[in-house]
Amino acid sequence: MSKSSGRTFFLRPQDIIGIIVLAFVLVVVLPLALDNFRLQFVGKYLTYAFVALGLVLCWGYAGILSLGQGVFFGLGGYCMAMFLKLEASSVENTKIQTTPGIPDFMDWNQITALPWFWEPFHNLGFTALAVILVPALFAFIVGFAMFKRRVGGVYFAIITQALAAIMTILIIGQQGYTGGINGITDLRTLNGWDIRTDSAKTVLYFVCVGLLLACILVAYFVKSSKLGRILVAMRDKEDRVRFSGYDVASFKVFVFCLAASLSAIGGAMFTLQVGFMSPSFVGIVPSIEMVIYTAVGGRLSILGAVYGTLLVNWAKTSFSESFPELWLFGLGGLFIAVVLAFPNGIAGLWQTYVAPHLGPLFGGAAKRTATPPAATPPAATPPTPTPPAAPPSGTAAPAAAE
Amino acid sequence: MNTSVITDAMNKDFVLAVEGLTVSFDGFKAVNDLSFYVDENEIRVIIGPNGAGKTTVLDLICGRTKATTGSIRFKDRELTKMKEHEIVRAGVGRKFQNPSIYEDLTVFENLEISYPKGRSVPGALTFRRDAAVKERVQEIAETIFLADQLDQRAEYLSHGQKQWLEIGMLLIQDPELLMLDEPVAGMSVSERKKTAELLNTIIKNRSVIVIEHDMKFVEDIAHKVTVLHQGKILSEGSMAKVQADPKVIEVYLGH
Amino acid sequence: MFAEYSLSELSSIFLMQGFAGLILFSVFVLMALGLAIIFGQMGVINMAHGEFMILGAYVTYFTSQFFLNYIPALFGIYFFIAMILAFFASGALGMAVEWLMIRRLYKRPLDTLLATWGLSLILQQVYRSVFGPREVGVELPGWMMGSLPVTDVVEVQINGLFVMGLTIAITVAVALLMYKSAWGKQVRAVVQNRVMAGAVGINTEKVDRYTFGLGCGIAGVAGSAFTMIGSTGPTSGQLYIVDTFLVVVFGGAQSLLGTIASAFTISQAQSTLEFFLSGSMAKVLTLLGVVIILMLRPQGLFVIKVRR
Amino acid sequence: MSSNNDNSHKFSSTRRKLLMGMAALPAAPLLASSGLFSSPAFAQALATSAVNTTGLAVTDTDVTVGILHSVTGTMAISETGSVQAEKLAIDQINKSGGVLGRQIKYIQEDGASDWPTFAEKAKKLLVNDKVAAVFGCWTSASRKAVLPVFEQYNGILYYPTFYEGLEQSKNVIYTGQEATQQILAGLDWVNKEKGAKSFYLIGSDYIWPRTSMKIARKHIENKLGGKVVGEEYFPLGHTQFNSVINKIKLTKPDVIYAAVVGGSNVAFYKQLKAAGIDLSKQNLLTISVTEDEIDGIGGENIAGAYSSMKYFQSLDNPNNKEFVAEFKKMWGDKTVIGDVTQAAYLGPWLWKAAVEKAKSFDVDKVAEASVDVEFAKAPEGYVKIHPNHHLWSKARIGQAQADGQFKLVHETADLIEPDPFPKGYQ
């Protein structure tokens, strides 16, 4: 009874250590070790980590694989871009246009008045809310329609993929309202603060880290709440959960919306740090790539998602600087390797090979070894054949990397 | 059974009233115009050859399968119109034929999830593992002989223990109607004995529907037995009466 | 929009438009057939389906080059040989992929999706490194280009007829194979109960490998046929993937008939919408329609057994 | 930024891909005969501290530039030619003595057909590698993505593609045509020569075709008194054109005016041909097909169509003959050269001219000196940079031949002034 009775706070000791280590790496180590230029890259990568975080909850815990997370990343990014674009399109900045005061791409498309749905984005508060709520609302509509009718697994993946395709075509096709394939570019200031300077980018990096840590805490809270256990239970035996009196669909809708909002926050931070937003994030390819960040980090590990994102992107950048032709081989190989050989990603490797040696150092790890021997899965066994790929270590797995 | 004999007034005395229930899959009537009634605190055993529609009846009651026609009334509430989780919340518990537990979670967590609180999304987020929860889990764990295994991941339990765990998950909900689908199937002799003992303690103060093949076991627990054959009731009554029924003998023993 | 045209013009146009819809239908069936076998029968989500098609297209290109350079006299018939080669090339690659990768993933359908996506990236880069980043132009025998004039306005595309004929031939062949041959029975047995199938002496591993190979081989033939109407380049396979999956899923995945019906519905919708609306909006509306129908009526369309 | 001038030394020893052109070979005949820019003697006199006051990667012996194109992803199809042309130009410049006596080294980065990657790589080239100039980008979207980077870190970009206009930056030299340069002369020609009055506009659905069609429509309706009988856009990558072909048959336009790109292009022409539309009878004028595209479409499928460009590989002038020969020598006999490839080739040469005019590598000075810089040896003929940083150039109409080449059928008498913000066309 020792463990089950000792949980009053939602973070276990090893979680706290993991978060502190991550915070230390992001706040102290990386800013000191990297020059400003590389640090800005890290800031950009971290925005993808928000998506990966959402996928851990949605895919890893609840077993819902969405191939349309780019849509939410994009929606969040576009909301932020609309605000910034309006600020950049003041009447004096745009006086050479036929209609001054509206974004340049609208003017090129013979639009003479700001469309109604752009109007509220003059307001930063509304924009911040929209970043979180618009994607969540969209996810709610999609999720509600599909989960209520028990569409799941492969079908959900394919339909979300189709949604990503539709969204891309729409954004590109409605260029008068969206900036088309070029996206919304040339963003300059946030409430008068120039976001293009190096000092601003540094500040934004730390804001991004702060938000990410906050979102990690939210993810931990959800994961360690009863809801987190219900998600795992649902992935395993959906019917049993239903016949324990739970409305399974509403839990799925919740976690899908949460993942959407997390992605959208990432998208908004991306727009702020990189200075533009374009439909190339919304499509199928980026959406699937974001899944691989999660898979590499460990689909069940919240902190693993962050490390996985950083690792893949770092590899992508350095690989493509040296051997651009080989990068696709690397990325493709990564997909296959992570599925065939390391279904639990970095977190799984950590747990199998590193954590056992750290046992005495961590209170939590030591406690785990105190569980009956039968509870410790044999090291490095292939995953049990329970779809969708429930790993042998299950909920215990994330503990290690964290 | 002739449904017209039963009046609405009489319904109130029954915990469960199934009337004129029919379900067809692509024209095949798995359950055909079925009617039966379960009293308060009654233990009803449904027997019948394979394919008689036993499991389908349970599926219909708990909402897993939707009836084509007919009604299922539980304490005067129409179940055919309700969703699965609403039926559970109304007080109907169901154990599946194969042990259906959460292998990735510990025994404690398995029972905790079944604890009938925090069943909505916000409820689950704010659910706290307070003393009452722990006490109740401990109590149930002792009943199902798993008090020592609370921190064990469920996938490492034996088959019999998994069956007990699932029964425990139902008990913690304290349902008024408990439906068990072959609770002793695949068990060793000693496990079977222990299970019979378990069932005898848990069937108090609730109605129970059990599907079982093991006649010895049925004889031990049944108040009343319903024999299903080809989706219809072949015979109903006490074990002795059913065993004497020539129709039953014919179905079971052949011509 | 039709006020200014004469009745005969209009009827001709509608005739041709119907024909265009039929071509699109054939194209969809060809695209989806291989995937329907792999996805419907095996539960594997093959995201590299487009790359298997493009392999067929490259095989066709090299066959045409070979005939042009060495036996120009027989250039007129090279296409048939190319299609057979394409079938075997893509099929062999498919069997190799099944052996190396897919067979370890049958119990994890979502993971096949990720692994085959990785495979598609690798194949794209292989094509780019080996065949060059530019598109290649596949030269067709003269008789396959152009059209047969029926009336002054109505003309029937020869390659359209060819694609239709090919589609019918392959569909019939697949149907016979799956529903009439002993091998087809084995495949269906494995799909329904692989343990039992194994117990009665069916070599399930071999059945899996050949089924996957067959699906990929058909993709190769489709790719070969599409050199008549589309582009051949390292990334051309990506152009087809979303449409293909939607056709298969919309059809209910398991039955061949479902795939054909769904291809018919989607192609007719798209072709009609394209005629009345602009191309982009037609595409959006078609996709959206399919998605909404899938959301509203999954139970009717999702009669499928994924292998468990 | 934490990086400083030392970077230029640090990276040059570590860069894996840094390639140096062959320096000591005799100058190419093209340059020996020109004598225009090859004046190494005076360059030697200029100290590095004098020609490089902003910490660019310039040493006493060499100068580093960046090449930023997609070598992977869907755009690699189109951008390969540009990379080849830029490398050829750099090679030739090095053989002729370099720029201000310095050999050009290049760092090539892959934009991977992904706009954010372009921005990331542009930043790396400017901030990390301190390159003196960047030759790169192909699509408008990639240019839009890198533009803020170039403006912020004050780099200079030579952009080769014909594009929609509506842009002008101190930090970009546009060596391709803006929309009016490409479109108007072509429409005038087809109106005059073929008596075309009705046009069917069809394009891929993104900003360049839409802006181009907008300009075309205004010109057709307001200047030529013609009429547009249909206007259609298809998603990028669309492969089914039978319905629109039927519409074309129904409306019987004098001219099909096409701006379809990428994989769609191939499908469009193959299906046109299959539908029995004979391009020797039906006029088709395109602004999106160069020799590169014909490679994928197949010459026999597009023979007869007209293309409105500023350069064709078949141009009959001495500059071009030398250029084509050199290009094929470097990249193989089978390579074809399209309009954009030629425009990309101009980039390094125009940069060299501007640097030598400014006697400095400083971006501000180069940008300023670029105005009115001319390049008489351009394969397309004489070109000159306009104060708006676009090129004065001619417009030409070529007719596609079955062998994949174009036959020149018309060229404007004078250079056309670039006008990225055309009045009356917005």
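Residue numbering begins at 1 within each chain, and the chains themselves are lettered A, B, C and D in the order written.
The rule is short, and it goes like this: contacts are C-beta pairs under 8 Å (C-beta built on N, C-alpha and C of every residue); 3 or more make two chains touch, one makes a residue touch a chain.
Given the structure is predicted, the values throughout are model-derived calculations rather than measurements.
Each step here moves to a touching chain, and the least such steps from chain B to chain D number 2.
Centrality by Cα centroid goes to chain A.
Relative to the C-alpha centre of chain B, the farthest chain centre belongs to D. Averaging C-alpha coordinates per chain places the centre of chain A 38 Å away from that of chain D. Our note on geometry: chain A versus chain B, Cα centroid distance of 42 Å, whole angstroms. As a whole-number value, the distance joining the C-alpha centres of chain B and chain C reads 49 Å. Among the residues of chain A, those touching two or more other chains are numbered 169, 172-173, 325, 328, 386.
Shared contact sites, meaning residues of chain D that touch two or more other chains, fall at 71-72, 205, 233, 235. Annotation for chain C: residues touching 2 or more other chains are 125, 128, 280, 283. Across the whole structure, chains are in contact as follows: A-B, A-C, A-D, C-D.
The touching residues of chain A, counted against chain B in their complex, run 1-5, 7, 221-222, 225-227, 229-230, 232-233, 235-237, 239-248, 250-251, 254, 371-372, 374-375, 384, 386, 390, 394-396.
Interface residues of chain A, counted against chain C in their complex, comprise 65, 67, 142, 145-146, 149-151, 153-155, 157-159, 161-163, 165-166, 169-170, 172-173, 284, 288, 291-292, 295, 325-326, 328-329, 331-336, 338-340, 343, 385-389.
Taken together, the chain D residues at the contact with chain A in this complex read 1-3, 16-17, 71-72, 108-110, 112, 114-117, 119-120, 123-124, 127-128, 139-141, 144-145, 147-148, 152, 166, 205-207, 210-211, 214, 233, 235-236, 421, 426.
The residues of chain C lying in touch with chain D in their complex are 5, 9, 13, 16-17, 19-20, 23-24, 27, 125, 128, 132-140, 145-147, 149, 153, 155, 157-160, 226, 228-236, 238-240, 270-271, 274-275, 278-280, 282-283. Listed in rising order, the residues of chain C touching chain A in the complex are 43, 45, 101, 104-105, 107-111, 113-115, 117-122, 124-125, 128-129, 241-242, 245-246, 249, 280-281, 283-284, 287-288, 290-291, 294-296, 298-299, 302, 306, 308.
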